[in-house]
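Consider the two complexes below, in which subunit A is the common component and subunit B and subunit C are the respective partners.
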Partner chain A sequence: MTSKKIVIVGSFGVGKTSLIRRFVDETFSEDYKVTIGVHILKKTVEIQENIVNLIIWDTEGTDDIEEIRKAYLLGTHGFIYVTDITRPKTYENLAAHKTYLNEQFGNVPIIAVGNKTDLLAKGSIAQMKEDMDFLDLLISAKEGNNVQRLFERMAKMLIA
Partner chain B sequence: MIPDKSNKDFIVKVQFIAIDDQGRIKKSDQNLIKFTEGTQIVDVHPFFESLITYFDHKSDHIKLDCVNMFDHSYDIEVITHKDNTGVIILRDRTDFYDRIQKIAQKRNESLIFNEVLELKNNMLHEKEAFKTKFIQNFAHEVRSPLTLISAFSSLLLKGELNLDQTKLVEAVNEQSDKLRKLMDDIIELSQLKKGKPEIINTPFSFLELIESIHLNFSSKISISSNIFEMSVSQDVPEFLIGDKRRIEQIISNLIENALLYNSGNKIKLEISENNRRAGKSSLRFVVHHQGLVPEDLENRHLVKDIEKIEPEGLSFSIVRELVDLMDGSISIKKIDNNSTQQIINIRVSFPLHNVEIPVKETKTAQQYNFTDKVRVLIADQNSTTQFTALKVLVSTGNFDTVVYKDPKELLEAVEKHEYDLILISSSISQIDAVELIGIIKEFANDKNKSIPIIALTVRTSKEDIATYRKAGFKDVVKKPYTDDELLNTIYKRLNLKKFL
Partner chain C sequence: MINQDDKLDLLRTLLLTDDRQLAESISTKISILEETLREKDKLSEKISPIIREELEQYTLNMPKTLGPAITKTLKIQIQESKDEVVEALYPILGKMIKKYISNEIKMLSESIDKSTKEAFSSKGIKRKLMSIFSGVKENDMIISALAKAHVEQIFVIEKGSGILLGSYQTKETVDEDMISGMLTAIKAFVEDAFKETHHDLQSIEYDLYEIHLHSFHKYYIASAVSGTFTERLENELENFNFEISEDISKKSILHDRDALEALLLDRFKTYKFTEE
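So, the complex of A and B:
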């Protein structure tokens, strides 16, 4: 059994906390409660007969990734970078932030996701996928779409 | 900051936990979290599970602020030693971080709100710009065939027609003028909405204007066997200094609007003066009609979205914008269950001394009989305008015309043949008039280099005209034009002596 530290980063309000709650507790709330500091949650997944403890760090959202307290990021095995597809500001700096993370914390996997797909008009997700090809996965914390797949994909990358 | 009585902020509870080299809790006080000595610290909370990676046979001192566990927020220090033992220090800062949380909550909510607002705003702007452009292009497209209809019918009316034919053609002429006005209104409104309206203040006879409005509407309204009444109070100034066209637009549009919703048989216009102050007269216009207007008409202007303005609201929307432009006020009053007043107040300057109003130019073109025909080259791709210009010129018997649609052939012609005049429509084969005139000047033979070139175009803003002039056009004729407008301009720019 191995433990892997995954840090969720991204601008405030994009749904980092909601994503984790969906994954860990299977719940969702419309209310927005700003996260201060870090919350650490855990969920065990089984991937190809490996039991992996995912220790998920939910950070407070900052516009500038360098503002995240570095100590939080020490020993991270993988990052999930969450953006809100309805707010361009939240994915504007994705490329630069990915570069920064790789420079500071080594070549750990980073999965970039676009959250809140449930807010899109029906039928426009395919188009959105094409337009936002810099994102690895489109998800909805509210409806749960692709949430399980996201963490499984991360776990796979971490045990490989 | 003044500490509150309990002094909470200043008494921070601390807990020390010693860890052995197997990750077990060796010793701990129980100030904050209950730890059982001898158990694995990783089992207490997932936070400690990821802490274990810090214990790596080295001495280190790490600080982690604001770690949330068990509904509290801790500042944590982790001290590790080479023998893989260590000490963890917890400080409970829950009260402090709760306060930070409240501030951040407010800030983030408002940031997100503004972000979303800005986004919506941008989208609206783009949509709006697209619509304005679309409307303008559309109106411009419609102008060409309209030009033809109005020019031809006006030409026909000058010829020999029997009474029935005259009546029919008059009707066509009138309707096409109406359509022209409608197009102009649409363009006008989209310009007004775009917010670059121009007010041109000149002295004019207000009474004359009112008279002509009266004349115009009396005959128009009598057709539908209704009555148009007008009363003008004595004190209204005879002359005004203002934008005559706009003022006329306001009054006419109010009457048009009344006509639209009228269910009785009388429309009345009242003009009076509220007061005079600082060289300005506050004028009041009231248009009465029977019948009601849609409840929301008065507020439709609030809809900034031009798409939502319904065709029948067009004249009222223009009035609204114009009155705003003149800092006036506008209201619709329901008098009883079956009659309505539209009321407008605007302040307009009036001259303190007698004024001389410049005499109006005569609009009909002079009739000439040239001995030599004027050789005209028309460059135009749009067959409608081509045809219009052609017909107008031919009808006078004074012009020999030739039309080119293809720029290559056109250039060959100006090189080989001699002309007296060139008319260029806004663009042919994607080459716009300004580029075209440059090439013509380059290719033309010496004789043709000095002849007048006139642009026929829908683009007639100040800047557009300046661009045309700079490029070498002698004059610009605004589409849609009447036969007289076209001929007047041509005669003005030709050296007439040469042909008489």
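So, the complex of A and C:
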């Protein structure tokens, strides 16, 4: 079994904590509690014959990625960059932030996701996917869509 | 008795996570943010930077105002000057320390309570008899029994990532991967906050343990010691760690978990820690 450190980044309120809770505990809550500092959880995923132990670090929401304590990001094996598809501000700096992460913390995989697809009108997801092609995956922490898939995709990239 | 989840929660508390109370001073603004988030109001975009700024100010000011009060380690003499220490440290690391200390005291007394409940066990009866005949108060005897130092667990943890490379433990414990990550985060937080002083964080008190941290180039060794942590034990631990680190580099087994754990087990069996 191999252990990998995954860090979830993204602006305030995009659903980082909800995403992890959905993945790890299979729960969702409408309550919004601000994450302060860092929160660590873990879950294993199985990819073919490999068991990958994901140690997931949940960070405080910041609009400016450089504000996250650098020491928390050291040694990260993969980043998940969460945005809220209903708030353009949360993805407008995506490209720059990806560059920053790769320059500072090594050339590790970054998966960018758009969260809260459950808020979209039925049938508009396909169009959304096209319009937001800079996002790797559209998810809903609330309903669980693509959440398992996201972490499996990450695990796969990490053992490749 | 404290269960495993509570222990993890305690460590989490140290990391200030999900702590609504911490944000008390800005709670009104946070609730405005909550509302606007719920209503999907564009306003949230305007409000969040303000809150962020306040939080930022809050963290920025912590090390500045009381940096010097933190000495070589975070070791806290709870019994000696509880209030003073709380007062002095409180603004630095905020509620995290305060909560931590009060938890510490709570758990110490819980543990004493538990020992008292053992009164009808043979150990308890023996202690009671000894207490009657020696005139030493029973609770004091319990405290001295608790105080016997014992190295319980050793973790070798990768710096930065906080990934557990190997461990040795005398008994089953809370999730080791999470402990490793959280210790690393605490270490990073404290060291970051006191950058100018160039001190590695050397120990953390947690539960009834003192966790001794010893940094090497790519990893650090964390040892959980129960009971009273003496200077002598600290020296012994450091020597022990140096021996382990020599072996690790000689055999280059840092990333070979089985070999590393075999080494820890073997070394631990042969090394004599003084237990006063």
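Here is the rule we go by: the second predicted complex is superposed on the first by the 160 of 160 C-alpha atoms of A that agree within 3 Å, B and C clash if a C-alpha of one lies under 4 Å from a C-alpha of the other, contacts with A are read in each partner's own complex, and residues count from 1 in each chain.
Note that a contact is a pair of C-beta atoms (placed from the backbone, for glycine too) under 8 Å apart; a residue touches a chain by one contact, two chains touch by 3 or more.
From a predicted model like this one, the values you see are computed outputs, not experimental measurements.
> In the superposed arrangement, does A:75 touch subunit B (first), subunit C (second), both or neither?
both
> A:127 in the overlay: touching subunit B, subunit C, both, or neither? Say first, second, both or neither.
neither
> Touch check for A:53: first (subunit B), second (subunit C), both, or neither?
After superposing on A, A:53 lies in contact with both subunit B and subunit C.
> Taking the superposition as given, does A:40 touch the first partner, subunit B, the second, subunit C, both, or neither?
Both subunit B and subunit C are touched by A:40.
> In the superposed arrangement, does subunit B or subunit C reach more residues of subunit A?
If we count touched residues of subunit A for both partners, the winner is C.
> After lining up the shared chain so the two structures overlap, which partner does A:13 touch, if you call subunit B first and subunit C second: first, second, both or neither?
Touch partners of A:13: subunit B and subunit C.
> Report for A:87: first if it touches subunit B alone, second if subunit C alone, otherwise both or neither.
After superposing on A, A:87 lies in contact with both subunit B and subunit C.
> In the overlay, answer first, second, both or neither for which of subunit B and subunit C A:3 touches.
Touch partners of A:3: subunit B and subunit C.
> With both complexes superposed on chain A, which partner does A:62 reach: first (subunit B), second (subunit C), both or neither?
After superposing on A, A:62 lies in contact with subunit C but is clear of subunit B.
> If you lay the two complexes on top of each other, which residues of subunit A touch subunit B in one and subunit C in the other?
On subunit A, the overlap between the subunit B and subunit C contacts is residues 3, 5, 12-13, 32-34, 36-42, 53, 55, 57, 60-61, 69, 71-72, 74-75, 86-87, 89.
> Under the definition above, what is the set of subunit A residues touching subunit B in their complex?
3, 5, 12-13, 32-34, 36-42, 53, 55, 57, 60-61, 69, 71-72, 74-75, 86-89
> What part of subunit C is in contact with subunit A in the complex they form?
Those residues of subunit C that touch subunit A are 12, 15-20, 22-23, 30, 33-34, 37-38, 40, 44-45, 48-49, 52, 55-56, 158-164, 175, 177-178, 181-182, 185, 188-189, 191-192.
> Give every residue of subunit B touching subunit A within the complex, in rising order.
Residues in contact with subunit A: 45-47, 49-50, 52-54, 62-69, 73, 97, 100-101, 104-105, 108-109, 111-112, 115-116, 119.
> Mind pulling up the subunit A residues that touch subunit C in the complex?
Contact set of subunit A toward subunit C: 3-5, 11-13, 17, 30, 32-42, 53, 55, 57-58, 60-63, 67, 69-72, 74-77, 86-87, 89, 119.
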